[in-house]
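Below you'll find the structures, each written out as structure tokens.
Two complexes come next, and they have one chain in common, chain A, joined by chain B in the first and chain C in the second.
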Partner chain A sequence: MRPDFWPALRSPIPWALLALAATMPFLLPNYYLHILTITLVYAALASAWNIVGGIAGQISLAHSLFVGAGAMLASALLVKLGINMWLGMVIAAAASAAMGAAVSFIDYRFRLGHLSFALITMAFAEMAEIYVTNTEFLGGASGLFLPKDKGDLLAFQFGGISGVYWIMLGMAALCVVVNFAILSSPLGYNLRSIRDNENAAQAIGVGLLRNKTLAMTISAVLTSIVGTIYARYLAFVDPYLLVSPVLTIEIVLFATVGGLGTALGPAVGAILLAPLGEILRGHLGGFLPGLHYFVYGLVVVGVILLMPAGVWPSIRARFTRKNAQEAKAS
Partner chain B sequence: MINRRTFTTGVSAAALGTVASPFVRRAGAADATIKVGVINSMSGSYAAYAQEGDPAFRYIIDKVNKEGGVKSMGGAKIELIFADDTSQPARCATEVRRLVTEEKVDMLTGTILSSQMLAISPVLDELQTPCLSVWAGGSRSNWLYTLGYDYDRGYAKTMADFAIWLRDKNGFSIKTWSPCYSNYEAGQQVNKHLLKRMGAAGFKTLEEAPLDTKAQDQTAAMIRLRSAKPDLALGLVTPRDGLLLHQARYNLNYHGSIFAGGTGGYSDLSLWRDLSPDIAKAVLTRNLFAMTGFSPSAKMPSMQAIVTELRDQAKLQRIGQAAIQSAQAARVLQRAIEAAGSRDKKALLDGFKKVDIKFGDPDLYVAKPHGVKFADDRLLEDGSAFFVQWMEDKTQQVLTPEQFANAKPRPRS
Partner chain C sequence: MDELLQALVQGFFVGSAYGLLALGMGLVYGVSGIVNFAHGDFVSLGMYLCFAFFTAFALDPYVSVVFTVPIMIALGALVYRFLIKPIAGRQLLMVIQLTLGVALLIQNGLMMVFGGQPTRAPSMIESKLFLVGDVVIRGAHLVACVVSFALAILLYVMLQSTDTGRAIRAVQQEPRAAALMGVDVGRVQVMTFAIGVGVLAIAAALLLPGLPIQPTQGLRFTVITLLVFVLGGMTNFVAIMLGGIVIGVAEAIGTIYMTHTLGQLLPYLIFVAIMLFRPQGLVWRS
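Right, the complex of A and B next:
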């Protein structure tokens, strides 16, 4: 582990921010708390995807497969077989890990290039959607309807929006910390070397299969767990939302805008764009259909043009430059 | 001149303004209004329903307000607050939250198809706000009523009864059938009930031909039907899938089966424009029967009157099933509010139970021989719809229910 990992974790700033975020259910009205909860879902998903897509440079478009496994499989196990959703979450996460490992193996076995890997994973995502919408056990095209959330924690019920918000806050924080830990560990160095030059990495002894599989498995497990919690929150588990490749595109967009390959960037991207999209639609959607999409698109294009490396790296670079100038001046 | 700093400041200010809006106090609404949140799918894959229905809905509510508002509330006006869920169920649930908690609406309505109904049900239960869906095929919340056709007693029963009617009353030789339906949530559900009803009626089920809703061409499904050659192909088909199915049928010149089903994929007037008149004439007027909730040629004065009014007074360009269904929703909403006589949400919910628009009432716009009245499951008691056949001049002849009929079914050719 890099020496700055533990001091960074012990720093009071992230803990203070986390504590402040935890007070939001007491401060925000229902609608805005809902938007913040959705934002945390996307922050967690984008951070989990970043392990594979950002740090390892494998542009996976199959992550809706893992969200879907977490959401649909855990829900189906509960609704159809009466299996406790905590156990369902573990089973779904294990299934996601296995699928993630299989995807990595295919990538390694056939030495897929970046574009081929992206296309193959997209095909997996499409197949997953078709499979789920035609499988009765998983709810088919109609999806699944979960029992009412009565706040029974043992039954994977969190007592409504505030409970889910706190759980998602913890989950999003965990995903960011995992990113930070990977970036600070030998695994992170290996993944970055694979991202920058796969052949050179292999030549210096970096195990491609082992490292790629490890990254994909960690990412798939985290994604699947977020999927299960998100399904519990929505109560109606909709395959066209949770197994849709469009979901992956959104995750990739947030991670890219926030800053690929950085620990905080994907979460920052989600925190900026997810609420913006929701609030714009809420305020403009009833005024002129499609206007919110237009404004949202303009903002995304504007941010990408102004900060091509991503929002978080740009902010960090500006602070670093400023500090350096101040040090030089003094 | 706008430089990068000015642009960044402007974008930041706009974003801050939007994000800060929850903390900005809103001006209180006047007591003499009742606020209704309208969640329509104005963009996305279901937009066709909302874009046609929205003007008719607005017109009727506007008319109610001009004619003195809600009488039982001393002439209170109905104020509409619109939202677009972009045809996505989860966003529909988000809009319910926003309208109820931020806009403080008293009740909700909107296109709200079945998947959206499922998504908003837990939120309606949580926020305890009454809602009227124009299209949902069921209700999973005590707070939600719907004008949509029930999958079984609405769609499946109407279709199966029509098949039986063709066979038993009109001498059509129908022994076998193939399910041919849009392979999405509602299509699958209706098919499940159809399989039971058609089996019970003695029809032999052959190979299924589900229509891939993402496909750009339905030739594969039509080839399956051609090889199975059922006497009847039956199911729920969306307008887009219907268009592709009829195109494939024309290309393969297949007329070995009778095609029947609903709703938009068989009965929408846009089929004539999208298929082109020659293709439409070849396939729509031969061995094809369409289920619909509305037909301008039906023997129903109140339906014909609203069509004339929407065309001549409201100047609407598109008056199809969605426009009539939405106009009906506006009248149901008005009756429920009148019955409630207050803005109390429980009273408004009870208002739906008291809605009873009888056959012959000028406010009855949809084809319901038993009128518009909700059953205990919060769907309409009368789930029936028309079956029609197309004529070469793009008009329709109504075949069933018999009290609205103006023609006999065209023989198989």
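Right, the complex of A and C next:
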């Protein structure tokens, strides 16, 4: 660990922000709490994707596989076989880890370039959607309904929106902390060297297979767990939402807008865009369906053209520049 | 046996249109090194333009091509000049994400204008059927096949023996040397992107008869195009047309001979296999 990881974790600011966020269920009406919960889901997903897509620079479009495994598999195990959803979550996470490792192995074994990797993972994502919507056990095209949430924690029920909100808050915070930890650890340096020049990294002894697999597995497990919690929150588990390649595209765009490869950027991107999308859909979706995605498209194109590094690095650069100037003046 | 023959013929015809879709992508990739993830949404846009001309003036899609091609060419030029060109030199990931953003814009722009319900733009030819031996040939498929091959040949001849074509090939092979020889590289890149999108307007009209259209279909066309594009080794014209036919036949055979799921999966499985074991494409010359 780089020395600034532990002091940052001990600093009061993130804890204060977290505590403030945790009070929201007491302050906000359910509609806004719902928007915040969805935002946290996307913040967690974008942060988890960032480990592979941002830090390691591997454009994975297969993350709907992991969300789908977490959501559909854990739900199917509960609904069809009566397996406790906590256990289902672990099984789904293990399955996601195995799929992630397999994808990494294929990437390593065939030395796929960035473009090939993006295309192959996109093909996997398409195949996953076709497979799930045609498999009766996983709910087929019509999806699955989870039993009513009675607040029984042992049965993976969190007692309505407040409970899910807290769980998701913890999960999103965990994803950001994992990003931060990876960035400050040898793994983070290895991954960044792979991102910037794979051949050079290998030449100085950075193990490609080991590092890529580790990054993909961590990302897959986190993504899968978020998927399970999201499924529990939605109660109706819709494959066209949760195993859709469009979901991955949303995640990738949020992470890009926020700032790829930074610990906080992807979460910032989700916090900026997800509420905007939810509110637009809620208020204008009736007579202008698609407006929120249209706005996403505009924001993405604008951010890439104007702030190619993303919103968060730009904000940070502005602050540090101001600090530097003040330091010089004083 | 008849079923097999029927599948092969139908796959061949539809596949040639897929090949045409991927030619545009191959052209742009060769010249600018970018992969356009909004490709399928441009196809979608072409179809909806035909639909708009049909609802406004009752024009047959085959006729409204006269108007949709110039519109799409202009649009392609604008998109390249103002959106893609500023970031073209940077990481590949940037361009992919930008074009994904453009895909969202087109898809949901269509959704807002035309609504999400599936709709159709009928053509006078779509119900025409021909019987050759025991094989039924749909008129629209025949037109699609003939026009696709004609266009592919036209593009090929244009590339081989006109000054514009030579400039395009020069930029494809060595942009710096081409620039030193007085080729305006920027102009060639805008032009090829515009041509690539213009071709899609034609492909859209060819695929349209009998096909219900909806705004969210773009991604599927993008994926089919990418499959064909990669099968064809990305820049080789002949191989790209061949790749289109492979995917078309795989789709047709898959739907007839295999379980529903496996049939739908087959094109993707072929794609992954080729990608892994023959990354240079089906046809490869050293």
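Criterion: the second predicted complex is superposed on the first by the 309 of 330 C-alpha atoms of A that agree within 3 Å, B and C clash if a C-alpha of one lies under 4 Å from a C-alpha of the other, contacts with A are read in each partner's own complex, and residues count from 1 in each chain.
By definition in this document, contacts are C-beta pairs under 8 Å (C-beta built on N, C-alpha and C of every residue); 3 or more make two chains touch, one makes a residue touch a chain.
The shown structure was predicted, so the numbers you read here are calculated from the model rather than taken from an experiment.
Q: Answer with first, second, both or neither: which of chain B and chain C does A:Val221 touch in the superposed model?
A: Touch status of A:Val221: no partner.
Q: In the overlaid three-chain picture, which partner chain does A:Asn134 touch, first (chain B) or second (chain C), both, or neither?
A: A:Asn134 contacts both chain B and chain C.
Q: Kindly classify A:Val176 by the partners it touches after superposition: chain B alone (first), chain C alone (second), both, or neither?
A: A:Val176 sits against neither chain B nor chain C.
Q: Tell me which partner A:Leu45 touches in the superposition: chain B (first), chain C (second), both or neither.
A: After superposition on chain A, A:Leu45 lies in contact with neither partner.
Q: Is A:Tyr293 contacted by the first partner chain B, the second partner chain C, both or neither?
A: So A:Tyr293 meets both chain B and chain C here.
Q: Quick one: is A:Val79 in contact with chain B, with chain C, with both, or with neither? Answer first, second, both or neither.
A: neither
Q: Figure out whether A:Ile304 sits in contact with chain B (first) or chain C (second), or with both, or with neither.
A: Second partner only, chain C.
Q: Could you say whether A:His34 touches chain B, chain C, both of them, or neither, answering first, second, both or neither?
A: In the superposition, A:His34 touches chain B alone.
Q: Where on chain A do chain B and chain C both make contact?
A: Residues common to the chain A contacts of chain C and of chain B are 134, 289-290, 293, listed in rising order.
Q: What residues on chain A touch chain B, complex-wise?
A: On the chain A side, the touching residues are 28-32, 34-35, 38, 133-134, 140-143, 145, 148-149, 160, 234-236, 238, 240-241, 275-276, 278-283, 285-287, 289-290, 292-293, 299, 302, 306.
Q: Using the touch definition up top, name the residues of chain B that touch chain A in the complex.
A: Touching chain A from chain B are residues 4, 7-8, 11, 15, 18-19, 21-22, 38, 42-43, 47, 51, 81-86, 88-91, 93-95, 97-98, 101-102, 114-115, 118-119, 121-122, 125-127, 140, 183-185, 187-189.
Q: In their complex, what parts of chain A are in touch with chain C?
A: 57, 59, 106, 110, 112, 114-116, 118-120, 122-124, 126-127, 130-131, 134-135, 245-246, 249, 252-253, 256, 260, 288-291, 293-294, 296-298, 300-301, 304-305, 308
Q: If you look only at chain C, which of its residues touch chain A in the complex?
A: Interface residues on chain C, with respect to chain A: 35, 83, 86-87, 90, 92-94, 96-98, 100-105, 107-112, 115-116, 215, 219, 223, 226-227, 230, 260-261, 264-265, 268-269, 271-272, 275-276, 279.
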